[in-house]
């Protein structure tokens, strides 16, 4: 019998697959904080066939997102334990064959399907504890979506705090920055089971969402703290200068991407 | 030195107290599902000095709430790991000295401060895993706040599923039902350390929030499933007939309540 | 109907009570790290009717414990989600009416029943993420219970790291230190619902376990790091000098304690 | 610059890699429950180039494991939040080119590194909440490693209970069953980013641990309950007849495996 399922486990029915067939739909909110780090610290994160962006090559975006998501039949929406998750990620830009791309270099999520969905897309996802303040419409326990509204956000993993930020709205915005706005350019890697330093899967892929929709969008000022951990190296991306922060409502759907480059297993980097 | 702190631990500075001084502020969303159970199953949950409500004594409300909350200086809002929590609870009505009250008979939350804050207020809080679908404003991954919007909600504790519900908006509403609308009438109990069956603390208290504000409010149809667990008895409150469901935005502040009755330690029930 | 249950919720059957009737049985392992802090920092944690210990009044024990536990019918043992938990706590000594007692001033646990059981016993329990290395009997992934065996331990709460320690066995021991060896002397507090600064429950209680049994027991050297948090004040108990560390297997049962002092509600401290 | 790291994220230093370089060391305990299901339900889980085992083709092992683990420098052992995890998995047997293999068809773990380490090894790992009773050496709160010792074990995922088992020791054993005793034969799959139904990575790999060591080992009787979930299909592996259960201490190290078969991207299954 041919086993079924978009992702493992592959079974007779496909029901147990960790990921359903695409497309996948997402609705949520994002907090984007852009700053300048040393360009060398961005460049050192790029494989040698990628170049830094022409302008502002040290620009970094740290992004928190809180999502509701579902497969094409919306079944997760009525079982919210399977439809809600949070993530936080760090994006830089790079150039490949003359085009500028966004590239996620670090990311933490809090569910298994979002983690492996990311691996499928080349996001280097780990698990973490992620928090971001929500805007409110009644009462006093939170910020309003208006000038002066103040938000907090944090990430930790294995009980080590990694990031903490505060953000204050200063006005409306018609965009959410420039670092995460290009098509993504990611690697998909799986080391060979032989453990000989080669990769069984080594691809450079690009993708972008479709039907992306933006709701309310604001800009603001922020403060960002980056902490050390024995198994992270975020502090290398030290902030030199804040650019700007953004909060927005956003939705998107995702179906597929394009393989740009694939390495034979015998090829040496 | 006199130790400080609203709640334990009480220390020299009071900073470590599990609860800050009142008032406490809450903003969030609530899903309320009202149904009729056997009146006897409601009555058996009341101490013998409380009577059932005159009308519809078997009415039960199962409520999910997702909160952001803070003390009076709003400090938690910028550290959202300390300001967001969810809870699910079961409310019935009772009468005492001729007045009708609401009374929470079961409740699960997911943070320690919300749990002990509840104990202070006479809510019999346990920990649980609580989920409720959020409405969306962009994209496809969730319901809109409009007729036909569909939500899910669940509670589990110690890996035993306790409740699962679905709700569909059928129209606007100017209220959120009648079961949870009275002042609360709760017991605060602490068994004596001697373990002799007596209580060191035995109070009947009443309270209500102040500055309660209601945002958008909808009514709808629902389906509710109640599951068994070795350490719960929710299935005794078996639904006979659904009344109605409600989804609303809500905020409130809470400062204090009133002790209605206090039992001497020697008194026998 | 008279409602049943050792602890809330009290119901017709008592099955849903967060705590079963005593006795409660515990089997586990404990890592105890004793050090000297400034005596003033210990004294400031004591209500004014308690005195510091005569000797070594600045002595502090930081203790990690990993437990399996059950009620008298052992029912939790076959549902281990309900029988296993970890805790970490800070103990000092004090004197009352000429006797020396141990007193827990800070404590974190990871289940609701252990938290509220602690509240019943006067432990000021909060929730936390607690870890301690386990000894091994086969292979390489951990320490053996022998000289040179090295252990780690940590506590965090609300994504703020609070404590991290390492411990290395230097030899056998026939005891586990002197700070946590006395009967416990705790307060049980519940602020009045009126929020007027008075307490509805204000007791001084003492207790100790019965049928305590000690298995293998070792002493060793340790390093302890204490971190700050917006809602803790552990760093006030700054270590000046390490005394010694201990690792041991231990079991105990607990049934009840004795009320030493009870304050009338009108009494002023 | 050439990016470093066994697994993503690959960086300038390699420190942030979700997995360290092999070898990896494990010490722990395993509970293995073997039963017979319908052979067709085992066969339907195998790709069509794998055959069922010659004897007892419907045999299934459900296994719980609690591990401490570390990389080759033992660094995780002193930060136990990064060294302890639990997993539960379902193993069947199959034949390939005349040899009999074990094959994991379902598995849940509770840390990200163990999950992705499994993906590297072809284990179809998801996240779950996993519990297994621990034996005790002092006191009453658990089983002893002796005849009559009783254990419980459970798995749930997304708040849906999947498995619950009880096990009672009936005697010593010099083995832990036959289903999980062969080299593992796993697939490593990664669907192409194009979402066209093809796989970018499609390998059949085999591996086994080295330096495996077994400590105390017992056999016993068991009861196993399998529950349904919207995103699992474990109930298809319905037990017809129990074979036997085993509890043992075990350690192993893992370095690498061997690729048996690799599919070109254009090949059709």
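General remarks:
Each chain carries a letter (A, B, C and D) given by its place in the written order, and its residues are counted from 1.
Going forward, contacts are C-beta pairs under 8 Å (C-beta built on N, C-alpha and C of every residue); 3 or more make two chains touch, one makes a residue touch a chain.
Just so you know, these numbers come straight off a predicted model, no measurement behind them.
Chains that touch both chain B and chain D: A, C. Interface of chain A with chain C: the two copies contact each other largely through the same residue positions, with over half of all numbers used appearing on both sides.
The centroid of the Cα atoms in chain A and the matching centroid in chain B are 36 Å apart. Computed from the mean C-alpha positions, the centre of chain A lies at a distance of 41 Å from the centre of chain C. With each centre defined as the average position of its C-alpha atoms, the distance from chain B to chain C rounds to 29 Å.
Residues of chain D found to touch two or more other chains are 79, 81, 129, 131, 154, 159.
Touching chain B in their complex are the following residues of chain C: 1-3, 6-13, 15-16, 18, 22, 43-48, 75, 79, 81-82, 105-106, 111-112, 115-116, 119-122, 124, 126-127, 158-159, 187-196, 200-201, 203, 205, 207, 230-234, 236, 255-259, 262, 269. Touching chain A in their complex are the following residues of chain C: 129, 131, 154, 156, 159-161. Interface residues of chain D facing chain C in the complex, by the touch rule stated above, are 25-28, 67-70, 74, 77-81, 83-84, 129, 131-134, 136-143, 150-154, 164, 166, 211, 213-216, 249-253.
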